[in-house]
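Each chain carries a letter (A, B, C and D) given by its place in the written order, and its residues are counted from 1.
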């Protein structure tokens, strides 16, 4: 798929109707990003991740970034609702907040999550980024707030293996490893989270997720499969962590490794 | 859509069969209110909002009000089950409880929620009103009852942004704003709630929802999209609030605003 | 629908294949009991009511009783899995445990719930009886066991209105009424519950449900609609009751009635 | 179905493309194992059992074993993703870890669960084995860990009847019986669990399930129906057990049997 040149010379305004590159979101392929974002978001709605138009997802296909608009009901989204922009064109822009859209849906506003998704694509080479308002994620940040903590830490749970070892590293975390997810404080305007998200990426170079206090979580991966697997695994761990807290069980434990005795 | 004249001169009885305006509920358009109410209610049933025929939803399209009947299984409703009435005709009626139905389903009784939905339409110009029996809403009213409180208050949660600033105001609440939802006491007969709902609307002119103690919640919005978004966001916040209570976390907090340092 | 004469003269064995009255379970009508039981059970499976082949439902259409077999996966049931028997023929049988089946599925055994469903049909004239293993029901019986109690009592909750006033009475319970559901002790063999269920029906003539300790609940109604509405309402109340217990809120309360001031 | 001879002489590498026995996973029959594993896993995903590519299921049809690959999204699996191997061929192999695949999907790696599924098939003659990461299972192992216990024990709950009496025994457990499920410690590598699972099978010859600490559960049965029924019943009991713990209710109780008085 060769991206066409930006149609509106760098301005943030939607392109004129007859030059809106609607072909970028038109495909019969269910795996095309413009079809996949709606079907993923419908699934996420049933999981309680994108309730009340909150949360969302973005997919990058080489230089093209597909992104849902602001304020849309996530389980009802259509491919025609999708924004498309060129990643390279954003980097060239002097003004970070003036974004070039190759294709804009006529009736919507761009999502405030856009610069956060872009951070995952530019700083981590991610192929997909998911943002949820999962109440398990929010509860974890509230529990950590009472402990004055800016890190979620859990170890010795099998599902931890659902996470990669880190940026440009091969392999996944092991059962005994400690998964560490940084927490950043929420800002009044979602776009203002960007610098803090980027800071967290710098401080935790191997993390694939950042929790946002009293808000939710951003999770990314090299591709849609990995981002979704990591997001599901993390939500599972957040739910488990809240239930462990209710039962008085600690998140970090000392577990003696069990070694196989048999020599095959 | 031009509403036909009322067919039965102000009486509450259903119109005769050959003059029942069935065309008002017959449409191939899934967005037509007579199709949308059943599909919304089926979705709400899976969320536990309209269990056991409780709860419901009403949509206003200009002067026409579409409303589900009493005692119907909400996930099985059909467009032919829908009542239609003229909002203007109700206002002209001397007797508030004698309602003019343009179209009545043959085998049902009108919903006791009708005057409460009408209050949202007449006093707030709402385009849609949703009533749920969500157990999260009921639990919140029970927790507040123990505190002798008639207000649900929560702040510093991102999902609060899902609410509009108030009647005839533009924009939405911010992250640090306190969302305030009044609680009214339940009455033996649902219709009798109307005056207390209207009082709450007068006292809290900017609210889009009223909790009913030991019963549920009424939520409205300028249109279906906004009513549903606000209802989902509120149910999310009620669930979060109950879980925060179980974890000993307060609903109102002091959170220092996080200010972006970067000057773009 | 005219029931054919019993084909096997009172024996409990299935009828021979060429005389098995398969037409009794063959219909294109989704409302036919042989189609409705599978679709209801599939829905109940998603609610966690009939997990692991537990629970079930039976429908009576005049003299004909339709009933699911033992040990079938409830979300996968087909109309061809359904037993049919004549209610009148059971009453005439001298041996209560020798039941006359008009139609039997070839590969199954009759459900142990059969005599309990029949009790609802014969003693209460019910048109439908639902049996769930809902863990909310089980938890309520466990909480009551610790209080040495054989009655679930709750009042001042709107959803109580989902219940009828009682056998051969018109109208429904009111908001301030106390819903009382008797609890019977579980027996090693489900059929042995029958006499205790019947005793509870005699002692609580107006109840539409009986809880079974550490087991689940039986709920019935004059027809499918009423049985399902009452079963959903009860499960809602059981869930609420467990959550109230976890929050330290009492199930029985003194609530001052709120009286409307306006004279319309 | 006659299995073809192994196509690659005992090596673990996938067969060459033109000899990959794809016909083994191609069938129009929804009950064919290659179709049933994907539909079961899709259902299990909605239950939270196979979140984030965790967990899985395997079916044995005579000598042929069908098994899902590693790291696949369980609700999106297709029949073409399925591995097939000959049970007899594994037993003949000198090296336990070098497995003979009759058919391999081109782009995947074999599941680390494979030897654990094979243990259920060879040591217990199971026809199906299910592995879940259900958080109820994990929470039960965490609660037991605090009690230094390696056994989950529960009695006097009706759903216990969902379990068979044991290997090569007829009939099911009774209401008053104590269900005992052994817990093994988790290992860093899932394959290394095999010897401990086999040990638990030897020590608890009648169990149909083994819990894995901080990981999940393996459940099997003589066929798909029994494995699924036992897995659902166990997950129900794990959920109930966690909720009982939260309410301070014990898992083991003394319950006086209730004996029927009526002599039929």
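We adopt the following convention: contacts are C-beta pairs under 8 Å (C-beta built on N, C-alpha and C of every residue); 3 or more make two chains touch, one makes a residue touch a chain.
By chain, with names taken from UniProt: A, B, C, D = Methylthioribulose-1-phosphate dehydratase.
Since the structure is predicted, the reported quantities are computational estimates derived from the model, not experimental observations.
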item: When chain C is superposed on chain D by its C-alpha atoms, the rotation angle in degrees, nearest 5; value: 90
item: Homomeric contact chain A-chain D: same or different residue positions, threshold half; value: different
item: Between chain C and chain B, distance of the C-alpha-averaged centres to the nearest whole Å; value: 33
item: Chain centre separation in whole Å, for chain C relative to chain A (CA means); value: 46
item: Where chain C touches two or more other chains at once, by residue number; value: 246
item: Topology of the chain contact graph, where touching chains are joined (line, ring, star, complete, other); value: ring
item: Of all residues in chain A, those that touch chain B in their complex; value: 48, 51-54, 71, 73, 95-97, 133, 135, 138-139, 142-143, 146, 185-188, 192, 195-196, 212, 214-216, 242, 245-246
item: Contact footprint of chain C on chain D as seen in their complex; value: 156-159, 162, 174-176, 225, 228-230, 232-233, 235-236, 239-240, 243-244, 246-247, 249, 255, 257-262, 264
